[in-house]
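Letters are used for the chains, namely A, B, C, D and E, taken in the order the chains are written, and counting of residues starts over at 1 for each.
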Amino acid sequence: MDAHLICDAERRYPGGATIEARFEVPLDGFSVTVLFGPSGSGKTTVLRLLAGLERVDQGRIRAGGEAWSDAAQNIHLGPQARNLGFLSQDYDLFPHLSVYANLGYGLRDLEASARQARTEELLELLDLRGLGERRPAELSGGQRQRVALGRALARRPRLLLLDEPFTALDRPAQLRLRRELRELLRGLALPTVLVTHDRDEALHLGDRIVVLDQGRVCQSGDIQRAFDRPTDPAVARILGVETVVRGRVEGVAEGLATVAVGPARIFAADPGGLGQQAFVCIRGEDVAVERQGVAPSGSTARNRLPGTITTLHAEGALVRLSLDCGFPLECLVTRQACQDLGLVEGDAVTAILKAAAVHLIPHD
Amino acid sequence: PPRRLAIAAAADLQFALVDLKAAFAKTHPETELALTFGSSGNFYTQLTQKAPFDLFLSADLSYPKKLVEAGLADGASLFTYSRGHLVLWVPKTSPIPVETLGMKALLHPAARKVAMANPRYAPYGKAAEAALLKLGLLEAVQPHLVLGDNIAQTAQFVQSGAADIGILALSLAMAPVMQASGRYVEVPLDAYPPLEQGGVIPNHSQNRADALAFRAFLLSPEGLAILRRYGFQAGGA
Amino acid sequence: MDWQAVRLSVQLASLTTLVLLGLALPLAYWLAFTQRRWKFLVEAVVAMPLVLPPTVLGFYLLMALGPRSPLGWLWERAFGHTLPFSFEGLLLASVLYSLPFMVQPLASAFAGVERGLIEASWCLGESRFRTFVRVIVPLSWGGILTGLVLSFAHTLGEFGVVLMVGGNLPGRTRTVSIAIYDQVQAMDYGPAARTAALLLGVSFLVLTLTYALRRSQRKPWTLI
Amino acid sequence: MDWQAVRLSVQLASLTTLVLLGLALPLAYWLAFTQRRWKFLVEAVVAMPLVLPPTVLGFYLLMALGPRSPLGWLWERAFGHTLPFSFEGLLLASVLYSLPFMVQPLASAFAGVERGLIEASWCLGESRFRTFVRVIVPLSWGGILTGLVLSFAHTLGEFGVVLMVGGNLPGRTRTVSIAIYDQVQAMDYGPAARTAALLLGVSFLVLTLTYALRRSQRKPWTLI
Amino acid sequence: MDAHLICDAERRYPGGATIEARFEVPLDGFSVTVLFGPSGSGKTTVLRLLAGLERVDQGRIRAGGEAWSDAAQNIHLGPQARNLGFLSQDYDLFPHLSVYANLGYGLRDLEASARQARTEELLELLDLRGLGERRPAELSGGQRQRVALGRALARRPRLLLLDEPFTALDRPAQLRLRRELRELLRGLALPTVLVTHDRDEALHLGDRIVVLDQGRVCQSGDIQRAFDRPTDPAVARILGVETVVRGRVEGVAEGLATVAVGPARIFAADPGGLGQQAFVCIRGEDVAVERQGVAPSGSTARNRLPGTITTLHAEGALVRLSLDCGFPLECLVTRQACQDLGLVEGDAVTAILKAAAVHLIPHD
């Protein structure tokens, strides 16, 4: 049986936009598919189509061989039958129920004690201790968002749909939650579709990405590939260009991690919690370039990667260099620096990069 | 347990029936009277639907007659117990001297609102209208008329002062409350057709024996005497 | 057919509904938002007219409006005619009698308006009154409609109080429901049925129009 | 004091309210959420009982329930007594008569529940029915209370229909409002006033309790 | 007259937290005060106190000599009398009104034509063209947030209160809006209090900051000072440490801006729209350190700033160096690099920094 969610559907808002959703989501075991795109591009609509909250105007949605929606055959499975967790952008907490009751709402089938254990666990995970008896109106915005996330998780559904789950949180809380959420989802082998417009969040949590723009899917597939090779400039603009490569963690010693990316070794500060695999994120602004052959000075910059300039592209005040260092590396330098060194395409250069400036995102 | 005799009685009988009930109980202690007062028209309608009454005392003989015609009551059980009398009634404080003016009181300038029962269906209303017509007053009084649903409501119109003068039943005018708060004069008997008040025992009566007994008691001298005390004068006497 | 009665009824029902709306808007607002401890007493009092049988209520009203009461006396002095057996008296009685039908749906609709929206309006400089007009009332549309329909229909069908206070004067206080009653009492079942059908027809039309209007005004809102 | 009548009235009103609640919950749900084009027709029909004067409605009901009607005939065969002039008949009539008082506030409260909350419940695996029970009903509390109070009070005060269909039989169908009516008609103003006061008192108590209960249940919600 | 909003107030939620708000907001002319703090720290409550939507349980709020709230004297001015613009975290758009009507809601005093001009202008500013006739329910989350922002702005109030105004927007839209909002507010000379948990947003938009934690103000005042000298570790943790210094823009040529920070000159990529003043943000990860005296190699790194190590502090896998380069400069290097160069406190070093890695935030 095909363990994929196959979405090939259209939703036309009367007097509004048309959203065309064509992509796949693996359903066998843990994986996070990120829906990424600017405001109004149709992310929420796609999620609602998946949830069965909007009817498909054309096309179909099939999950593991089962038809969820099919406009031609007039099939529309209700959300109840899809076994989902859905976190809406507006939270939609039940105002008449306490935080406890909101979290336990979908757990009718559980025994009281199991239900309580589950909700306690969620309160802990979501840093909501002591708020169990409150009503949603007595919570702050971020607390409400966390309760809504917990409620979607509680049932351990077959598919989790999260619409911008962390927007109302401060950065430290976001980081912590992302990490713990990914752990939890992996533990539950729970496939997830996540809407976000935060690139870091996408990279941290996502395995696959679906890039939306103006109601259409511009690109979808492995998140690495999308950041590597955006199919068109629109996608590149939406994603924000930066080097994002997957590497194998070779070792961690004294706070310094060594990651193999293709033939290259990259030293990076250990973010903690590294496993086998990690995304190596390098911002173009952080990469300096030297002519090859210059003697290395005693600087704290750890990484010196030999490579060649494949393309050279003026971008306003800056020049974007695409290097081939055994993996594609983007580098952003000022126009003046480029002129001073007289860089042209094909030149052999050394890319210089502080270990502390390499951003590792654990990804197992 | 005592036998139950359910009586549907016209509203104007309520004062008289209290005494009648007491007197009847002396001779028939085993029978319990369950009294329901209301408009005769309503009772008629309800009896056509087998309302559980054993005896119907109407304000108007026409309703019992109709029941008989419809085959719902035995013609033999039909009886007349009184003739209704009309009076002109004003509150004690009224400037209208009914006693001296008689029917002309209706034309008194202070008689801006004249209450009477609805002539379309209330027996006393029909009689009152006939009287006004016969006395040539109808046209003059018409613009001042306010119509009560039944004779009891008509009495309330005047008694509350909302209407200035009313054409009521003598039985009501003789009720203690009314007597205490107003004055009245009888409408000449020859001005309206006899207001025959009668009753009948419906076929579906559950307690025909007691119904017959009560009818007999009502028409006995003792019963008629009590009725007379409340303004019901049998045989047009 | 007693067209006069129909016209009178519609007039009375419309006017009553209008007057009630005017009274109930502030009263319901107060009930929905006040924090007074004794508010529940007012709520109970407002519901009272429902409880007395109409003819009895009518009787007490007749006493209260009659020329012997201070109100009735003042009225007669000012307008030269008594309050009972007049259209104005009928109107007053109907308003009193139908009060809860308007107040209750309104108050519960008002209380249901999201607080954030009210606050948003305040922050945009709108007074409580204008917030009421621009936010609370439009968002209570369903409740207001319920109130209007219930009051209108109820006044149209009202009979006990009207009979008592109105005195069944053709053209002035004989409403169509009294006319039907008359016909039924007089056992004119044919005309009664026809008039009743007319009353039902007119009401049905009004209600249908009202609901259809709402249908077109509101977005369809359904459970998929 | 006619305690029998008071007890009967409270019984009738409670039962009617209960039955109505059972009927109105699904009906109001349907009205609030259906997308059928002819829904407004049903809404208008539901409001109809309001429009006919009670005694007239009572007359037609009497005809419809009487032993000559199919329903009445069946009833008599099955239970050995006629439907009119019995408590059951009274209940039936009251339910019919008070239907709009329950349905309308309920439907408008249901329609006011935020769609997102309903959807959230569905997504948590709850059926429409259970969503109704767990989300829509609790959030429509105000409307339901309004419906309960209006129905209860209205049945308690009902008189025309009850008189016609019930036949004013002491202990069986003589409700307190009819008892008061009788007393007023008999010009027993003293007892009438006392019984009325009792009726008002009981109703007031019930209503006060209801509203006070709500007050304690709900968070205070005020405009500062 | 004192043109300050002076807040010295407490709000105690029955059965919940107590929020103590003590800080000042200048009311004369344009300035943005940022309320910063983790989720649940009391930011929204403070804003609601200022708006008059919550009653002060103790203390007072005075604006330019006028008492807005005073618990002791039982004074409470309604929001109407305060002349504010308030964007709530839940947007609270009027669901029965179109986008146009929502924007124009507070503009009753304007003539129809002026009102229309104002709303059109806002639609333009907020990138909502063509959505004027829609109802809020027909908008995406980010579109709703923008409408709510526009509605708060429309009246040109005396004080603007914004509760997390950009959370639902994608990054490019955020950046654009921040820039344009600041321009607009300056043009209108509108003092603003802004709640955010995004440091970039705080730096981009803020002049002053109020840091909240667990219902208390930990620090308040000039945003530069707060980032320079957090009063305690809690504040530092909340703000996230990084070099943020204000500098004077000396010139821009060929995409390279020169900014004077104290005695030092820093070269940075021109972000566009620079005026006289800018925040210079330097992430510790981007600064490499060299022993002084080493001959500079021909690298694209533009900035070579001489300085001394003032403190040296191990932070997990990394070592944080505080340098004095005429201004305080934080530098984060791996522990190994630090050992290799044998760095100790007091050493004279050269900080090396790519121009492209210097983040300029225009700030006039």
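The definition used in the following text is that a residue touches a chain if its C-beta (ideal position, glycine included) is under 8 Å from a C-beta of that chain, and two chains touch if they have at least 3 such contacts.
Nothing here was measured: the structure is a model prediction, and the numbers come from that model.
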Shortest path length from subunit A to subunit B (each step joins two touching chains): 2
Contacts common to subunit D and subunit E (chain labels): A, C
Per Cα centroids, the chain farthest from subunit A: B
Taking each chain's C-alpha mean as its centre, the one farthest from subunit E: B
Same-site or different-site touching of subunit C by its copy subunit D, using the half cut: same
Where subunit A and subunit E are represented by their mean Cα positions, the distance between them in whole Å: 26
Inter-chain centre distance, subunit C versus subunit D - centres from mean C-alpha coordinates, in Å: 19
Where subunit B and subunit C are represented by their mean Cα positions, the distance between them in whole Å: 36
Residues of subunit A engaged with two or more neighbouring chains: 53, 78, 90
Where subunit B touches two or more other chains at once, by residue number: 42, 45, 153, 156
For subunit C, residues that touch 2 or more chains besides their own: 55, 59, 181
Partner subunit E, residues of subunit C touching it in the complex: 114, 116-117, 119-127, 134-135, 138-139, 219
Subunit E contact footprint on subunit A (complex, rising order): 13, 15-16, 37-40, 42-45, 89-90, 134, 138-143, 146, 163-164, 167-173, 197-199, 237-238, 240, 254-256, 267, 269-270, 272, 283-291, 294-302, 316-318, 332-338, 340-341, 352, 354-357
Residues on subunit A engaged by subunit D in the complex (per definition of touch): 51-53, 78-80, 83-86, 88, 90, 92-96, 105-106, 108, 135, 137, 151-152, 155, 157
Subunit B residues within the subunit D interface of the complex: 6, 11, 14-15, 34-38, 42, 45-46, 48-53, 150, 152-153, 155-156, 159, 175, 177-178
Touch list for subunit D against partner subunit C, complex: 33-35, 39-41, 43-45, 47-48, 50-57, 59-60, 100-101, 104-105, 107-109, 111-112, 115, 118, 128, 142-143, 145-146, 149-150, 153-154, 156-160, 177-178, 180-181, 184, 192, 196, 199-200, 203-204, 207-208, 211-212, 214-215, 220-223
